[in-house]
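Letters A, B, C, D, E, F and G name the chains as they come in the text, with residue numbers starting at 1 for each one.
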Amino acid sequence: METSEIIEKLLFIGLLFLITLGIAAYATYLERKVAAWFQDRIGPDRAGPFGILQPLADGGKLFFKEDFIPAAADKWLFILGPGIAMFTSMMTGAVIPWSSDIEIAGNTIELQVADVNIGILFIMGFLSIGVYGIMIGGWASNNKFSLFSAIRASSQMISYELAMGICVITIVMLTGSLSLNKIVESQHGMNWNVFYQPVAFIIFFICALAETNRAPFDLPECESELIGGYHTEYGAMKMGFYLFSEYVSMFISSAIISILFFGGFNFPWMDHFNGNTLAILGVIAMFTKTFIFMFVFMWIRWTLPRFRFDQLMHLGWKSLIPMALINMLITGIVIAFNEGWFN
Amino acid sequence: MQSKLSNTAVSDALKAKFGAAILTSDTPYDFLTIEVEPSAMHAVISWLKKEESLDISFLTNIGGVHYPEQTDREFAIVYHLQSMSNNFRMRLKAYVSLENPEIDSIVDIYAGANWMERETFDFYGILFKGHPNLIRILNEDSMDYHPMRKEYHLEDATREDKDDRFFGR
Amino acid sequence: MGKIEDVEVINGEGFQLSNLEKVVASARANSMWPLPFATSCCGIEYMATMGSNYDLARFGMERMSFSPRQADLLIVAGTISKKLGPILKQVYEQMSEPKWVLAVGACASSGGIFDTYSVLQGIDRIIPVDVYVPGCPPRPEQIIDGIMKIHELVKHESLRRRDSEEYKAMLHSYNIEIDAK
Amino acid sequence: MNTLEKQKSKIEATVESSIETIDGDIATLNLGPTHPSTHGIFQNVLKVDGEKILSSVQTVGYIHRAFEKIAERRPYSQITPLTDRLNYCSSPINNLGWYMTVEKLIGAEMPKRVDYMRVIIMELARIADHLVCNSVIGVDAGALTGFTYLFQQREKIYELFEEVCGARLTTNLGRIGGFERDFSPEFHRKLKDFLKDFPKVFNEFDKLLSRNRIFMDRTIGAGAISAERALQYSFVGPNLRAAGVDYDVRVLNPYASYEDFDFIIPVGTQGDTYDRFQVRQEEIRQSLRIIEQAFNNLPEGDYKADIPEFFLPPKEEVYNNMEALIYHFKIVMGETPIPVGEVYHSVEGGNGELGYYLISDGGRSPYRLQFRRPCFIYYQAYPEMITGQSISDAVLTLSSMNVIAGELDA
Amino acid sequence: MVLATIFQNGMSIDFYIVLSTILFVIGVVGVLIRRNAIILLMCIELMLNAVNLLMVAFSTYFGKSDGQIFVFFIMVVAAAEATVGLSILVMAYRNIRTTDVGIFNNLKG
Amino acid sequence: MNLETFAIIMGGLTIGSALMVIISKNPVKSVLFLVLTFFFISGNYILMNAQFIAAVNIIVYAGAIMVLFLFVLMLLNLSKENEPKNSVFVKFAALVAGGILFTVLIAALKDGLVIAAATVDQSDTIGLVENLGQLLFTKYVLPFEISSVLFIAAMVGAVLLGKREKQLID
Amino acid sequence: MQSLSNRKKVVSNKKMTFLERIYLPAIFGGMWITFKHLFRKNNTLKYPEEQRVLVPIYRGLHVLKRDEQGRENCTACGLCAVACPAEAITMVAAERVKGEENLYREEKYAELYEIDMLRCIFCGLCEEACPKEAIFLTDRLLPANFERDEFIYGKDRLVEPIDQRIDISKRQHTGKRTEL
């Protein structure tokens, strides 16, 4: 790699980092506003015009709050927990292609941090270790509610990862590649995977809700049962990290859903454009889709009651996994048929 | 809705069955009130529940009353019973003395009597023999008296901001 | 808090805040996560305040923190009996600094009509109270009014106040030690 | 002892000590006193194996305020504010129930209009009570939005109360012998609006939860109690009706002319959380029907009974009429003679039969006043209802039982 | 994206031989010195991983994929072993309330 | 910094965290250090351009197996540091045995290397998914199927073991 | 159990139809309901900026009335204090001396009249008890405050200012009755 290339990448990483953080911060604002709209309320409106400074106020307050580690807690792990949660959810963004290449002053710039040829596996990997943040935090707090929450989180995430993985496999079967870039390219225009794999999409979406601990699967932190769940003992910025990471993973999950099923940066009539215009429109398309899914995430949260833990496991193991498997089987048969295996 | 039982029928039936244990019978405000020997209370309630013609099988509540002037009958324990199928209500009373405030617990007949008896114990110090867990329920465990007895003050002694002369009490 | 100190904070040296302090103070004021310690009637009015018609969310307060570690504002709404007093105190001690206390309603503030052997005659006997809201129960407007008063207090508080000797002495007068969490 | 035996006993000792020291998969969990799901203050110490509850021990009395002791020291008129604070979700029912008890004691007859006005107020209060309970079930199940929809309507009920008595929650509504004032035109208008708007919002809420499988799965079978056990525990009200017993004081011992109205008694089948939810939902609808009937047939007449010794005279007369002034002083000072006697009166409160057992010795305050508080009585069945279920069930069961700390602890 | 392997950058295979042997030996020593059954299972995982590392190193070094295929099979075995081993442990723990292998050892007969 | 030093540092970290696995008193920390070890091992895989193996290593080991370990530790609440100590003699013996094993293994592997040295063909594409998949479903299809049978057996076994007997509860 | 009232009706139906079993229709139905609310006008009261008009009979902050000539109505009879369940009223009576006829209407007046607003439960019993049309509750709300002492409202804050009379004519206890 040349130096200029490295600088360019670093700049892009920095930019992406900032954008992700900003979007996550404003996702909290959006969530509060959306909840308010659904509930015939106004929502935050006193911090700045329309309350747009609300996330900054929250951040500022958390930052200057007394940082407290319970005496009974394991000090290092207590600090490590939120760190891992934040790190894993941020890392997932590294392989997401935000748009096609852009050209500035003769340099071609990829709008993707790393085009790993196993991009989708990379994402699955970081998703699967995301649970450590919750488990470590919950365990280190030395609080029974936190421990309960950690146990719930781990079994929930392991179970839903399976169905999620199977859905990803069906997409990989369609595309024939593990690279996110290739997956996006194969959905040129309106040729989106969701039209071929609606079942996989629904299952994947449900699993994404479960993996990001959003309602109706927010059992690890449901306040009516476990007070705050794994972050019961956390205060100040450490808790802020946990809250933040939830929104970061929500953002990244929405991005992944739009890549896998809704064509990523593809949009209808994209053949009329080319070059930088195409790339910029691609970015817009990508972000629009992502925001729509974030909205749906919130919409669901403010509508549905949550599951009970055993029902959640039943749904995962007895409904989603078999459905995903059958879906994969049918997809395989159809692909084989198309490729003339039975002739 | 009209009651299917009459006050006299029930009190006669009780007198026939328990005889001397039924001390008095009255109907203030058309509500059958029967005073029972404390030792017979458990048997009376149990019989009322089992007797199918009466079917007085629902315990409405249990309460205590303190009459400091009546020697040897300082505490009244009042049971309100009810028959849902006959739509009939009645009241049973037993008087116990300050020295020996004891009566049989009816937790074995009505599960719901548990807390009611605990409350009565908490308020008046009436002991229910055979109660599985006769400890204070509403007040702090460290309290050393039974606050509903007439001789104890209602007020929190620590309040400074009031002048009792104004309140006529 | 609760005592003479408040006045000092508002009128005394605490009034001159640096710019950073002003920003932090207004951030704190706009993001007070409440811990509703709701025991009785006032709790229902607090729920009404949470609801659509009054909407605490406007003040950035709809995120309730049932865990004391995350809460900034302890809203004590309802009767506190002597049996419950130690628990309330423990909750207060578990909260992280900076923390504020709002006594909602007559019972929490002074015992109200329950001048009885079992009721604590005002929570200020065990924990420092910043703002009292009268009423039995107060209307949501009055609760919001109390919250605005708290905001006023927060916006004039210097960052160093919680480390000051006066503050420690004040806590000490309630038998609360800083490190006893 | 040979070596082998020594070894064996050593192992046994280790095993035993480890059982003592490691609590393993049985944990003790403290639900309360300030747990978010208790919605009031009481404590449940749960022994859990994983998520399953093995046993539970309750501690109550955290907001014990000595109501019954206060009642022995206050004149009759000052007891009304106390009753407000019993079941504060539906305080008008408590107020009016208390007045009816005293009226029974003094033998006062109410005009039909007072009865009908009381019915309207009490049914509104019942709706308010059930709205809190059912929306809180939603909140505990994780669906907050329904709660906000219902609370907007509850706010309207508050406005109606405000029109009648000038306060929202702790209403201190009415007096012994009737009302302080007649319903104002504004009240009539607002009530009409309410009757028109409420069913729409209510049906929306119903659609959000009632037939949603997530909610049904959560609530069906959670915290079930059979009719026999419920009767054993002296259950009353919606909780008993959910178990299938159609016991309702309004029908079996009608007061305030409830016999004039046509309504059904909704019952459930198994007494689980879903039954309780549905019974309360249907009772809200029935209450609406009763209000409509009472409102449309509101008789003409006075808003108070003719009992000058107990009902405060109008101010005009107090200023101008010596007799009225004397009555006024006597009533306020609590010096009107009250008959000696004892009465038990009960009304169907938000949580079931709310009973008042009043002993009067003729003094200015009751000699003894006992409240039959339904919450206090049925909350003791809670451990039996949740044993063997999961923590989530326990939380929902608690909110569906509508345990109100003020009523529980008196 | 395809990067040049470390061996093409001049690294010697000896490094990986030593590294994986050390990891393997750490696993063995762990099995010998610890008494908590869960840690023993973990040490076995560590040993399996040491073998995996060597497999991949050789496979890359020789340019044959077979070694990497075997890594999959080892992972399969490791996963199966972990599930069964852990469920045995949980079962045993419920009965004797300990995971000390010393006591397991004495429970025979 | 060239790749070589990078690899050496990575190797050192691997060994260090592996050592911490067996040294840590607290089983939960052991698990976390083992996860860290797996991460470093995956780093090594990436250095060898075995990206697929690296990802699978993380998903399977760190994401599933170790979560399972952690889950069991938390479920049984075994975090207390009450593991009985082995005697110093045992520990010393273990170290000696480990040392001897180390020597023997190194010697054996070195020998094997000399024999095979002739066939070196350092291709940089063999770690890619296509190649692995091709091989897995042609040459190794039988072991592949057998391993799935093994999995099912393990699952059934785990479920049966995990099911608590009725009498225990009653 | 047989019916006690003959009015019983089972209302909870636990059988799920197929559509209900597959979750999605109910979920989408619920989402549609919440979605409709997205476009509904909120009815939030922006409190400090907007104020709700309270009913005229609201039981809020007390006022000690003056008569038309600006004299205090209160005669310190003490009925309000007796009627107060919270025992929040304290008063000291004084005899009116010559020259004060324009200040106090009756011969006795309250030299000291204090209400502990933190104790007060706004039940309105004092208003009912007052035989002299002196104390009324009004539709003003009591503000929150920092100190407990600030809630002892003395005559300085209770007696209505002579130039800012407070309208209580709509309350029923003025002698006029609101007609239907």
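The definition used in the following text is that contacts are C-beta pairs under 8 Å (C-beta built on N, C-alpha and C of every residue); 3 or more make two chains touch, one makes a residue touch a chain.
Here the structure is a predicted model, which means the values were calculated and not measured.
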May I ask which two chains are joined by the most contacting C-beta pairs? E-F
Where the centre means the average of the CA atoms, what chain is farthest from chain A? B
Would you kindly tell me how far, in whole Å, the mean C-alpha position of chain G lies from that of chain D? 23
From the C-alpha centre of chain A to that of chain D, how far is it in Å? 45
Find the geometric centre of each of chain D and chain E from their Cα atoms only, then give the gap between the two centres in Å, rounded to an integer. 62
Just the number, please: Cα centre separation of chain B and chain E in whole Å. 72
Among all residues of chain A, those touching at least two other chains are 35-36, 38-42, 45, 116-117, 223, 227, 302-304
Residues in chain G with touches to at least two other chains are numbered 4-5, 27, 30, 33-34, 37, 42-44, 46, 82, 85, 87, 116, 119, 121-123
Among all residues of chain D, which ones touch two or more of the remaining chains? 22, 24-25, 27, 35-36, 61, 64, 66, 69-70, 81-82, 145, 148-149, 152, 170, 208, 212, 214, 245, 247, 251-252, 333, 409
Residues of chain B defined as touching chain G within the complex: 1, 84-85, 87, 161-163, 166-168
Spell out the residues on chain A that touch chain D in their complex, using ranges where they run on. 35, 38-41, 144-145, 148, 215-216, 218, 222-225, 227, 302-311
Once bound in the complex, which stretches of chain A touch chain F? 74, 77, 80, 116-118, 121-122, 124-125, 127-129, 131-132, 135-136, 139, 147, 150-151, 154-155, 157-158, 161, 178
Can you list the chain G residues touching chain C in their complex? 42-48, 51-52, 85-87, 116-123, 141-148, 151
For chain A, which residues are in contact with chain G within the complex? 36-42, 45, 299-300, 302-304
